[in-house]
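Each of the two complexes below includes chain A, the first together with chain B, the second together with chain C.
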Partner chain A sequence: MVHKVVAEQVAGGISTTAIRIRESGIERRARFRGLAEPLSLLVALAVLIGVFSLLNERFLTASNLQNVLTQSAIPLIVAVGATLVILLGSIDLSVEGVMGATGMTWILLSANSRGGADLGPWAWVIALGVALVIGVASGLIFTALKVPSFIVTLGMWYVGLGIATMLYGTDLLPRLEDEGLKGWTSRISFGLPNSFWVALLVIGLGIFVLRSTRIGRVTLAIGNSETIVRSAGLPAFRVKVAVFAIAALLSGLGGILATVQLDIGSPTVGSGVLFIVIPAVVIGGTHLGGGKGGILRTVLGVFLLTILNNGLILSGVESSYQSAVTGAILVAAIVFAAWSQRDRLQVAK
Partner chain B sequence: MSKIDNEATKIAVPVLIPARGKLPSVKRLGGWHAIGPIVIFLAILVVVAILTPAFIGGGGLAIIASSSAPILLLALGQAMVLNVGSIDLSNAAIGLLGAILLALTLGPVAGLSPLIVLLATTAFGAVNGLILAYAQVPSFALTLGTLGIFQAIALVASGRTTVYVSSNGESVRSLYESGIANVPMTFWMGVLLAVALWVLLRYTRIGRGMTAIGKNESAAIFSAVRTRSLKVLAFALSGFAAGLAGIAIIAQAGSASPTGLGSDLLLPAIAAALIGGTSISGGVVNPLTVIFGALTVALVPIATTAVGIDAQAQSLVYGAVIIAVVALTMSRNKSSIVK
Partner chain C sequence: MNDVTTTPAVLRLDSVSKSFGSNRAVRKVSLNIQSGEVIGLIGENGAGKSTLLKMLSGNYRHDEGTIAVNGREVQFRGPADALRAGIGVVHQEQSLFTNLTIAENIEVNTPMGRGGVNRLGLYNWRRLYADAAQALDLIGSHLNPKTRVSDLSFVDRQMVEIARAIRVSAASHTTPLVILDEPTAILERTETAILEREISKLRDIGSVIFVSHRLDEVMRICDRVVVMRDGELIADRPVDDVTEEELFRLMVGRETHAAVRNRRSIEATSSPIISIHDLTRAGSYADVSIDAYPGRVLAILGTSGSGRESVVRAVFGAEGFDSGSVSIAGYSGHQLSIKRAVDLGVGYVPAERKTEGMVGEMPADQNITLTHPGSAAVGPFELPRRRLSLARMWFEKLDIRPREPLHMLQDFSGGNQQKVVLAKWLNSSNLKALVLDHPLRGLDPGAAETVNAQIRSVCDGGTAIILIPDTIDEALDIADDIVVMRDGRISGVFDLGHDNPATLDLLERML
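Our next item is the complex of A and B:
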């Protein structure tokens, strides 16, 4: 599909029959693989659900399923942004820092036990503004100064944590005092938890941006070949900055929702999210090299990991093992994804 | 996934020929990578000395050296991995796991315990390297995954609580309590490792091969450099250095806690390696200047307090420093593609 976009931009007329036949072949194979991978994920999900419901009858109850949906909402929101960044071929390690900084800004500007200003809706705007600034800064340092994204975002992770810690200061724990908001994320409306509705909205918007807007199309093209994108005169620079900004905004939204869920402000509100998000994107089948993958696959990946964690805890596995399980799955997934493309001469850093 | 595509040009340009009209002095000394770390350290030290004169008089340098020991050891391991063009996000977690294993085993097996810990951490590092070299996966994703696994092992082994050395702790503690020139042996251990790694990199075929991988991996393969085994070795060295860092932590504190999970040391260690002149894209490293990188990082909390920045802003400073150092020292050209 991306080949077509690029070809339209570059050629406008030199296509020959041979190239067309080859292209349609590639497209057909891609469509088949695009179906096969999500199908195997769905099978894995079904197997997991089957095994866990046999192990513990509490697993398949409505309240636990709503629990799973609430737990998966925040990783889902953050993962949509992470998918876009990984489709560029880059990586965003800063999610936990952005979540901390945004969540802390938000709670200090909302009704909380420390008093201070209660800006109501403006707290959301300002907090998401903080996330946007961090995201744009990451994007600009990455594109304009050509610093590898894993270093920029590793640094931004700690910059975000630092901002959150400084905002937190040495005062008492800021506790959420807005009765309407307390527990809002796990409250049920129309059969689903509120935070999951937000996640569905974000997923829908994400799919729309990726499929039907210039930013999304150019993102995929950059992941395939940035050289071609640039020589085709497409705005690679602006799109990369925009994608990092979108990712940070979504991490920020996740940070606010996590703060609402936790009821108190904490700089480490996002801890552990990176460990679900990156493995989820990779298991979903989005290539770390960029250009191939999608948001719906990531959604499957998040569900797989959340259900796995939820089921393991219900089966009595200690929560200490959680990071080992997600870590091992991440390693297995990247090894599995890269195995067929191994090549003695291919350079992997 | 190659991060920059300009390795070829980097090699083709002879480093020692100065451009006409430019002063050759800095380049003759080995360029920024050789004197930069020392200059940065001295500059910050001067600022601290002016703002808080009591610091230097009160044996402040010895305090910095002793607190920098674990960071230095981790940074040396990280520098070896960066030199082959990869990154090891798991080495601080390996170090902490080493510390916990040491605290647990010192009682039962006494003198053998440090040996067991070093063997174990080296093996952990080698496993990272083996997966990386044979499955050809990106190192930051791989080591992010193994970081989670090591974290969990540390949590389970320690039972989620701080582990104290029960008995036989004297020998390990003496590493911190005895010293040369008021500086504990743990720091000199780091200096010794730095010298050993410098000799390895400069005078042996193995070390030259590692640097060749970092400069241009394809060219190294075509020149019959055993890239796979050397990458495994680089990661194993990182694990070994992390094990030494674990010993240094126990020598200093007598206990290890699985919370914080080594992430407190991960960023300072990467920062120390980068400030020490190690290139993020590989092929440029000098273990001796990494010593100054580690000293600089240990100086940062003291310097920020002296300048009047909140002590809580430390992680912000580390994050900003890493980005700034890489931005300032990266070699880049207009057409190169950075991911």
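Our next item is the complex of A and C:
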């Protein structure tokens, strides 16, 4: 009996100290985690900028920086959507196909060298409608038929390319005729390129959606555990379809801007974007398994890769080596970024 | 129906039954719970506890009988109905979004437009945090609702689950009934003490149904204990009128036959099978030397920061170490891998059974022959028929139920899964040492006894056992040697052949 009393006193003592230790631990860990990951990305970015500016004095000029921002704008817009999809634990590979289909639809319905209809703003609506249809189709096939998103969107990539190629037909290249739009993307307003302003708007909206809307929060929840989402009665189905639709809309917007930038309509207007977007999301630290990550990190990832590309060109790396160099750096960066997330037993699937 | 002058029972079950096909999972259960009561619900796996709870949480509908909450008869069509009636369940498997904040997890059941999320789905974080803080406050927790759940320890996560369970009823000012389904199964001793205190506080705001396999805990926390066996409620007693032994007998239907272990001191002539020498891992443990002898169970005690789990995992090669040595059956090397450890005859039953101990999507028989195919193998091939008969033998020997070795392992109950994991190692012809990391976690007393009996018989066959027990009592019950660790260092070594440490002795060395 005496023992029991003493033991209970001891246990009482533990619980108060244990609580205190625990609570301070929680705060410390949270603060550390909040800083550590973005910080290492910023350091990498700074190192990269430092190295390239030493290699070539043209790198750190206003005109080149504006150039970098213009180059990063379209990947940024697409990457916001890709981040949302990856936060679900899925992946969207249809990016380039959607860009092609949307871009072609848009230019053929705007003032172009082939003539035809000039629907003005309606061209935007219809073109983005095409993107939306592809996105909703991917989302529905993925969610309702439970086909892995990897396969669905890989197919949709080619469906999009196919639509773009059919629209392109055998006629001459459609050229942009509207003088106000030509070169609009790289024109500077208030110190930044126009397309970058669009990207900033999309990033802002993306952060808002992810942070303060039901779609965003349920997206994170699905990435964490879809079983719990369903048993909690949250709208998993609708959110998944919506996220694929949002991602396709953003790819579509990217496709239109890329067409404006290129001046001509081409089915392969999005070529190379996927290779920046997905790695940028991963380098940013968003888990491919879903649930963890964010849009600002992805933004850093896109900058890292765009600057890498830009810097390599300026440093005189021969273009034939460039893709091999970029690829190798990419793999290294991902190994580095994912190091802390390895499993306890070091199992990877 | 109810007398108007007395307050109606928070929950009243009147001969409630539920069948699945021909299987009558719950038979004519009647139960009354008053406000402020903490009821212990005990029973072996398969006794019908889970089915009963699922009817209360709205996951199943009852076939017969009536369920009344606060004097009104209810028909739950889903979990949302149960929550609205004030019944919140904290499930055994944690159901929190670890990547989201505490607040969002607590508010997850609050409909849009009524809490921090408006009808358009936009979040008002200030409102969300305030509502969650209020729910936490009700149960006396001071966790910051902005904290992410992944930063919390298990006991804090349980608090968040409890806060979520009472959230809906708190908003509508009804008395909540919180159902806790084995909340302490995975907690360390000190954490359990904290949770026990918190559960007692719930008395002031509502009532609790507490499901646990640890009878001592039930005796400490609850006012009344109800026992289920074979779908029936066979006893309903105030805790003051029963003993632990009596509860065990009611639950299992037989006496405990845990014989007192006949212990001897380590013989001077025997040499250790596993010898850990000055093992150190920065930040985890330092200078740990432990010898495990054949035919002896060595239990390592310590709290969650003691480093005992890491030491044990190092022995199996699952975690690295910085300096020192581990020698297994004469082999000693710095590069110990899991493969090498298995080849040397070490088996490991991990604490994380679901992720490290078993392949749930594979039939039980294939799990058994996974590491050591034994007689099922012919060269590099496995003969399904031999594998099946081998599995049947283990199913019989370890009383694994149901006797269906071809069923997916994930469909078995926790206790039976654990027995399959154990069989996987016992199937080795060359098992020299068995490392058991919380082997009884989540098992009901009946299953725990079978597992313990099997551990003893393996041990008596000359295998060295290294055990990380859940409780001090478990160690005193089964071990021959006890090593106590505190803050990564050994703080006590006892050979139970001649030492007789009291529980308090051991506890003091742990803290």
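Simple rule for what comes next: the second predicted complex is superposed on the first by the 290 of 349 C-alpha atoms of A that agree within 3 Å, B and C clash if a C-alpha of one lies under 4 Å from a C-alpha of the other, contacts with A are read in each partner's own complex, and residues count from 1 in each chain.
The criterion applied here is as follows: a residue touches a chain if its C-beta (ideal position, glycine included) is under 8 Å from a C-beta of that chain, and two chains touch if they have at least 3 such contacts.
These figures come from a predicted structure and were not determined experimentally.
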Chain C versus chain B, contacts on chain A by residue: B
Touched partner set for A:228, first chain B, second chain C, both or neither: second
First, second, both or neither for A:156, with chain B first and chain C second: first
Chain B versus chain C as contact partner of A:217, first or second or both or neither: second
First (chain B), second (chain C), both or neither touched by A:335: first
Which of chain B and chain C A:291 touches, first, second, both or neither: second
Partner chain(s) touched by A:321 [first = chain B, second = chain C, both, neither]: first
First (chain B), second (chain C), both or neither touched by A:254: neither
Shared chain A surface residues [contacts with chain B and with chain C]: 344-345
Of all residues in chain C, those that touch chain A in their complex: 78-80, 95-100, 104, 108-109, 112, 117, 121-123, 125, 142-144, 147-148, 151-153, 156, 189-191, 193-194, 197, 318-319, 338, 356, 502-504, 507-508, 511
Complex interface listing, chain A residues touching chain C: 3, 6-7, 10-12, 14-15, 18-19, 22-23, 26, 29-30, 33, 211-215, 217, 220-221, 223-225, 228, 231-234, 291-292, 344-345
Residue ranges of chain B in contact with chain A within the complex: 1-4, 85-87, 131-132, 135-142, 144-149, 151-153, 155-156, 160, 217-218, 221, 267, 270, 280-282, 310, 312-323, 326-327, 330, 332, 336-339
Residues on chain A engaged by chain B in the complex (per definition of touch): 88-91, 93, 97, 141-142, 145-152, 154-163, 165-166, 168-169, 226-227, 274-275, 278-279, 282, 288-290, 318, 320-331, 334-335, 338-339, 341-349
